[in-house]
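These are the structures in question, set out in turn.
In the two assemblies presented below, subunit A is common to both, partnered first by subunit B and then by subunit C.
On to the complex of A and B.
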């Protein structure tokens, strides 16, 4: 029997603290003793052994793992990035260039990533079902199709819940997105991100005009007064919790604790506090600046940072005019991020993911744009449990079909969870709800890309 | 009836009657008709084609390393093309032999113009890269405007403009060259000296995305001097909240450029536009009429003929494909349109339908 996982379970204690802005990066000691029971589970034959190890080893694998998701919303073109088809009728105007992996080429718009392909794992064989943005975003951020009225938590919420420090002053799940709109992504952003895990695992949003307001402590209140007020509030909170268990109160307190933590972390959200040289190196655009900020937040105790910039990749019109700008920015961001994390000794514990919700059509529409294409597309990962120098899967000569190594959203999420040391197939314990697993149907991870 | 009334009556009777049409395998980004109007050179996604206008036979003459963006029929024995590979190529269509290739830009050539005396080429380039938090364009990494001698195949001037520079044209007397960019800035240079003669800006063609993205898109996609040389016509698309929607207003503007403070003197009239990117401009040699064309996103037309003096719309077309280039014959009686439909999925045999389009009209 698969061990069940209880969301919102505060025990065992998460007793280590992150120093906000400090260099001390500790690991929480939550031992998933239930992991030891997984040894007998038979349903993971496709990657047997990954989770049949002793709990301590299990904990070692997941210790300190973090994740940065470069969310390429709108769906980028695989042809102009990871799976170029130069010289074909559908290949587009950009050439392909060699990389530091013999025999592997990427688009000429990605000269920097071409030099670090030995650190990247590229999946060229994503094949998913949703062909519209909202459904695609849902499937590629939650890992599965919706099953109303139940709301599956988004990847960042799961990772924050599994790997994060609930009592850390630094938010464990942060969304950096300066664009208040975003079409379908706007609607998605307005939805329930944490799902059945609960509001405390939802993201803190920052970026652009999404500065976090009221983080400055009022000058009219002394530190002593502030401390007294906090003690009083804490007393009444505990009393209320003892007298009357309330989900609303729990959520309110979670929000309060979050704001309290944010007040102590305000400098982490100030782009102007980042070194000028770093800011220049990442590039001037909002996406690049927030990718740098993501690195900074991860270094300082956050567990999952999702970087987005509205929905810029949906290039039905101006496909190549837009990709000639967007892809070089991503190329540089990915290069800088992976290089920085490696230089800081953080790459092994930080999984970097760059993907959108699907790919683009091989054929051009009348506007010389590319439309939605979930049937065969690409994404990339690096670090944190993922093997570098791997190109998994392949498409046919014009990019119409996956011809090798087909993987869907479930396979991808199983891969991401496995890389982060999270059991992909664990069942959620949701009293009164149907049975849900982190990844349904025992979908196998893409073992070729896992360390 | 005075002359003006007679002209008005004449204009009311203007019709564009299609006389011929043909397809080629790949989309056509530019086209140039021979002096006798019997042959066309086509800049297609997969190379430069020669089209016989009479029997509609086409053949691919040569290729660039990427898409071909511009082509000019310079003489019976000379075609010159520019491409997304940043190169210019010289080719003899009679011998079917290449003459020369000049790698001009690091990035692609967006557009290339030929001077009226057919001695100078102007090619414009520039990659739009994020320069600031709101995606203000970076300054150029190479000069964005290049003037090249047709005969010597040497660079005459490399001139500065902010990328991306998407449209270029020579004045009728060949003394000036104008280049328009993403941000709606037009720079006019003296051809002989390379000196900047004028600069002006219009914000009416450029979008900064609000809905899907925060970045710039659009800009000036075509420009032409009027035959008197005093005005510049600009074409593109009006701003959109969602730059990727392609639903900005079909737009032309007319600027009096040759004065100390250039001024906009006219623009597409109210109720005469729909939605879509306009990327082709053609003016007849007398300046009586001009045609603007491009892609239809919403509305009733994607090619329209306007009166040169008043800017009034004379007649419209709904071609069913995106028009990328237009050209009048010297006598103004004939019109050629070039463009592309959607590529479409490949068929059972694994082939894509032909999606390049060429049409001829009696104007």
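On to the complex of A and C.
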């Protein structure tokens, strides 16, 4: 059923927070509790529960935080962003500018973020191992190197499982990526994201070519009929599951239970429903628009939104020219997003992360590109449980080595989990799984950036 | 001579740190390690112990029944009841023909009062052309794996699918089929399709080895790529690279006769390195057979490719054949006499019919995965070999067995599926769903290819270890245009829709619908629910009937075989 409210409707609906209207259950009650059907009800113990839609009520909401990951796939250059080395051999052509944090400079390609450095936590001392994209993406989205056949769940799945609102019809983990391509990232996207947590914690993929398939009901069937025939379907299946003691059939019904929620949330996935002023502020381009959509989804009950755009940051060729386009876009997006969340009082409960899978070399290659460099790189966070106005760690004068506060992917993931209020070192307790911890080997969070 | 395999093998230990670890850590392995440390006995690959002599047809069923029953007694298990005839007829049509029966087929069976009606039906279905189609679908997915539509089109175009269908329809000996597929040197046009198994792997020799092992030996060897299998002693790294070597002289070539895998008489020598970095030559060996004699060039020596190393192909336009053909050696010296060839097929057919293998998972027949009924597996394997590797004989015996004909309701006192104390419920494959929808909606057993193509992307698994239904499948069934079109277009006189409409009132429509779609009589609650739904929609009854049909074909009861 289409929600009664539309986001551009001037009067906000009562339950906008959960994105979905719901008067369907009254229809079910009318249909199934009236007439001859009630006579057969005794044969099924859970009969009345069958037609009540789980309330999308406030009390089911968990108190947990939310998270937006701006996934800068391909790996951006720290020199043109958070760790400029102006005037040195490796520094590149762009100047460094002062920020509102005394003594801290960023690249001149980031004038807007320079004005909100007091809200950001920048880590300049990331030092990781994998130097190829696929392995780097694996380590920086799952938090650790793979150990097949076990697949570690991706960050969004863990957060959705730990903090997600169980009864919300809004998907708890959403990947917005308009670009189905992206070299190694394309291959990575085809893999198993939810890992051992199970498919129900996998992302709902949307954006561009990832538009959710079959979300719109056929025009030939009315809302009422569509919803009532599902109640019938569910009734037959539940009866079968009870009669046969079939867990598989229960599981089957669970998948259908997500359908109505997803369909009712279809407008949340429609960029055109967002205010024009907001869309202009974030700027053109799919990445910026999806960052805005991420804010909208978080505001409406999603828990983790990952925004990506293929793998554009891998600038082995004409690094400076490419970054001259990409960094200002990111600068604006991050500025708008952090400012919006703060204006809406959501920054404290929403962690924003901007990073790629490693950094770029201090030197230029023959194509005037910077190559992969996992040894010393930077990333940034804001909000959630993270302290603003912190620059953690440092590299040497030309950015070859980390000289202070070295942190690897495990330290970073411990930090992210701690910021979100999730125990970083908890053991996964799933049947048949050997010992795995959320972050292995007790890797410590970066305390300096935590509130 | 530059050989990429050498390079790759040398780099293995380095790669390993980042991306390998394909093994060493599986749950089962860890559990077994614990068991071993705790003083458990080491299970070895026991040779067949005094199995029964070749059994006559009905005796094979008796052999199965005796072994299963004796395990029930030992485990003090009270199995589920025997299933009813309506349950049996749906089940056996799905398992043997890959679709539900039409109402007429079902009623014909139910009207038969003879004591042997079930085994008569099994006999009848086993000789149906549809049975060959269905098993070819299964074997296609099991042997070659799933793919996209392009992959299926190629398999069709190059005769692989037809080859499988013929092999099953003619009940050809499995050892002959296996030999043809792996030799990939067709002597007659009807064998052409056999080439596609190797050809589809596009000269990726490790992929070939990793596909040959489960398809023909029922084992997984991926773990042995970087080191001897940690927990399965009999699978060594030398076996892994040995199996690769048997195929690493092949090269795909499109000829006027179709795809061929040309084989070179030279090359393919390399070293593989273990975890300590020490390297060994890749000799021609696999799972207890070999190493075969083969002259190995000294390090640094270049081999010369010469015409005298080859003979002319028997078939015009086919590529020349090396006098010493590694593939041929593999087929003759390793494959055809290998004990696992029969054992793997027996266990697979058991899994197809019974919902899981006597060895589980069905393609890990190794010392870490002992069979639940060892003597039975030995006896069936021996029977399979001695009766000429006939698949149909075993499938028939399974369909007639007591365990196969139990209800699908797990008795409360039993949890472990390995005792086959109830019929193990299983999801329909994409092909079973497409065919069954056609039968139910149109009353005909044809295949809707558009629907099948989209179902294959939604329902990829065949014989899955566990069932995970994704929301995308639910969305597809709920809003997908394909199913909707199929339901709406099925309004010819003999369609379910029309036959329902012709019933005189809503309760009879309700009974009719449940009967037609689920193959059983409706209970009162169901009749009431459907009647109430239809009664509210007297103004749009045709649509309402479509909607009830939808709710039944998308129900869990339709989605599973039980």
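Everything that follows uses one rule, which is that the second predicted complex is superposed on the first by the 366 of 451 C-alpha atoms of A that agree within 3 Å, B and C clash if a C-alpha of one lies under 4 Å from a C-alpha of the other, contacts with A are read in each partner's own complex, and residues count from 1 in each chain.
Everything below uses one rule, namely that contacts are C-beta pairs under 8 Å (C-beta built on N, C-alpha and C of every residue); 3 or more make two chains touch, one makes a residue touch a chain.
Computed from a predicted structure; not experimentally measured.
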| item | value |
| --- | --- |
| Partner chain(s) touched by A:368 [first = subunit B, second = subunit C, both, neither] | first |
| Touched partner set for A:239, first subunit B, second subunit C, both or neither | second |
| Partner chain in contact with A:182 - subunit B first, subunit C second, else both or neither | first |
| First (subunit B), second (subunit C), both or neither touched by A:325 | first |
| Contacts of A:310 with subunit B and subunit C, given as first, second, both or neither | first |
| Partner with the higher number of touched subunit A residues, subunit C or subunit B | C |
| Subunit B and subunit C footprints on subunit A, overlapping residues | none |
| For the subunit A and subunit C complex, residues of the former touching the latter | 31-32, 34-37, 39-41, 43-44, 130, 135, 145-150, 198-199, 204, 212-218, 220-221, 225, 228-230, 232-233, 235-237, 239-241, 243-246, 248-249, 251-256, 258-259, 262-263, 432-434 |
| Complex contact set, residues of subunit C against subunit A | 18-19, 21-23, 25-27, 30, 408-410, 425, 427, 467-476, 478-481, 484, 488, 523-533, 535-537, 543-544, 547-548, 550-552, 554-557, 559-560, 562 |
| Subunit B contact footprint on subunit A (complex, rising order) | 74, 89-90, 93-95, 178-179, 181-183, 208, 283-289, 309-312, 314-318, 321-322, 324-326, 328-329, 363-368, 398, 400 |
| For the subunit B and subunit A complex, residues of the former touching the latter | 26-27, 45-46, 65-67, 84-85, 107-108, 127-136, 138, 164, 209-215, 217, 242-246, 277, 295, 321-322, 340-346, 352 |
